[in-house]
């Protein structure tokens, strides 16, 4: 029986007048690959940030490996450093994630904050750059990187700490098809049983291809959990939570029909 | 009624593009091979600063002119075309300082000599700074400030400022271009002012939002408020040779210009 | 108004760096205390923004265009300390990386525009806007006035720095080594451009941005409006209503001190014109110095009779109503006005403190 990495009980989070998450109960097992599925505004990004202890819940309990994640816990340097090393979040926008002057600096930022010795930092950064094939970009400032390069650097900058939990917010958004497939392959290669991966997305492809668990969110509440392949096939459910839509379309042969417009595999 | 033919949006876009252009040029030169490019940034910044201080202190014209000549030679040795320096440094400096210095020839006792000092000094210092900037990648330049005892947090913030300069430049340009394309006919002065203030306001709001997001990204990677810089290039012996070259030049200027 | 290298002597540059440094350090300490980890990204982004706004070619009433520094806008959104830092950083980037402004002159430029400018802008804005609601028109007017006055104060400081150069720094034959124009030329020359174009640009920007934010994003105005009625949303820098006076008082004091001390540096710098002793008449070095400060008019060879008689009777603790060695009475009045304003502010701080003590003593809660 795998360990529980995250356990959320009746979590509520408000942002000003909006209730972003309400009565959320969730359990994430070690080594799992979970997709948080939901339309925009469903609360999946907020949930990721709760998991990464960037937001703290107004009510309910959020536990990481049994430890409660609240503001008081993070007052301790020791706990904070340990958590930040073990849990990494790749933000949706690379412009937000890449805030250092060069690619090398970006990769070195995490280890520097965690006070690693200089030589260890340089070695680790070099090897991560090799693995992600970005060594030739080491002195490049972020504004001179292409979209795909930015994403690779963003993921690399989080993986340099070798976190046991990897959170990703819309990793395939705004990527061209080639970069998108690169990222998907990368994510597929990362799971080696020990690393826990949680991806927030509205991209049904991703859910179908990579995940072994699926959490469906609707307006801050849990709409469904279970096998991603089943959920993705449940068109009524997906339509209700606004992840797909129906429209008329005409084929070249002249046939006109309408059906829920989803995922290319199924057509 | 606005008398300028190009509207606010267009003029400002122009300035923004110039800045991006300047930055791109500097980056390109800094990454090519050359005399100064090979020198460690920290010692380079300190060395150039010594010479600039000496130039500002000198009470004689000839040493200043000598430094100007030396800067040009350094520029050539570093692959920086003299024409580039002329257009980006000399012409603006001469126009600006020249305009200011010209009346002094008539209004001030010993005005011609004083004008010579002003013009020569400002042009020489501007040339030196440009040569420094064109031969050093800006992240390295900012880190070089650490050698001058600038606090780490300030250097970190300056580094982020430089990095987000380009993000916000792009956003500003996009926004101004879309406003320009949506504008039909010539706007009145008041309308243009409102657009300008609105543009600044939108940029401000979005910038604050951006800073909040960046803050989360920093927290997520372990930021607790302290800044660290990593110097990944050791100081080599030829760096000290260069530095002593700068120091000797500075000392010579101070001596001959005392 | 970015002063290039070579306009200010090394002594002046060092003095201005020295004047700026305490404000930089104080501002950084304060920002870290209030915003903690949010300080770094907020300042970085705002500095970048300030840099870019400085490139906007603003349309001005009357058909001309101009550039604004944006110091009032920064002071209104970030507060004075944040403005000091972000405008300073924008100026540093401009000087270092874009060659706009000298490297030795960074201290002076920051002091004039970022420090004095931010403090004056904040003070004027708070003074005029008072307790007005966030959306009140009075705040727009306050912002415009803050921008205008702040940039003109900055220009005046720069003009003074320029004007002192020929008086104090010249080579062996008497040619000015740095900025060549004496005060009575430097000041009008600088002020004309700023009282008209640059001042208007600041006004247009500050007033316009505040008006825009009042509609689009009023929360950003709350950090500097602790006395106004506001919603319960969290502003950029947390302000507890009870601490408003405590927070702003040091600011008022520093502003008052700054203004009040403006003539002191000038007086301390050189030989005060007019305050001559009989001994100066025979001392060759003193005669040369006095001649330079008097537009090349030499002292008479013999000490005037009356001077000799009265010289020892009394010595004034402070120069007369107008700083004595200046030849322009108008400038003297201006300088006195600034000193007076500084003293008035300090006096107001003192009386407010007395009033508050009395009110708290009587049991009333503000």
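A few remarks follow.
Labels A, B and C are assigned to the chains in the order they are written; within every chain, residues are numbered from 1.
Everything below uses one rule, namely that contacts are C-beta pairs under 8 Å (C-beta built on N, C-alpha and C of every residue); 3 or more make two chains touch, one makes a residue touch a chain.
As the structure is a prediction and not an experimental result, all values here were calculated from the model.
Of all chains in the assembly, those touching chain A and also chain C are B. Taking the mean of all protein Cα atoms as the centre, the chain whose own Cα mean lies nearest is B. For the pair chain A and chain C, the distance between C-alpha centroids works out to 49 Å. A separation of 24 Å divides the Cα centre of chain B from that of chain C. As a whole-number value, the distance joining the C-alpha centres of chain A and chain B reads 39 Å. Annotation for chain A: residues touching 2 or more other chains are 99.
Looking at chain C, one finds that residues 41 touch two or more other chains. In chain B, the positions touching at least two other chains are 138, 159-160, 162-164, 167, 210, 214, 218-219, 223-224.
Listing the residues of chain B that touch chain C in their complex gives 1-4, 7-8, 11-12, 15-16, 19, 22-23, 26, 49, 52-53, 55-57, 59-60, 88-89, 93, 96-97, 101, 104, 107-111, 113-115, 117-118, 120-122, 124-126, 129-130, 133, 138, 141, 151, 153-154, 156-165, 167-169, 172, 189, 192-194, 196-205, 207-208, 210-212, 214-215, 218-219, 223-225, 227. Looking at the complex, you find that chain C touches chain B at residues 4-7, 9-10, 13, 28, 32, 36-49, 51-53, 55-61, 63, 65, 70, 73, 77, 89-90, 92-93, 95-99, 102-104, 166, 170-182, 185, 204-205, 207-209, 211-213, 216-217, 220, 236, 296. Those residues of chain A that touch chain B in the complex are listed here as 49, 52, 54, 77, 80-81, 84-85, 88-89, 91, 93, 95-102, 104-105, 108-110, 112-114, 118, 121-122, 139, 141-144, 157-158, 161. Chain B makes touch with chain A in their complex at residues 27, 31, 137-139, 142, 159-160, 162-164, 166-167, 170, 210, 213-214, 216-224, 226, 228, 230, 232.
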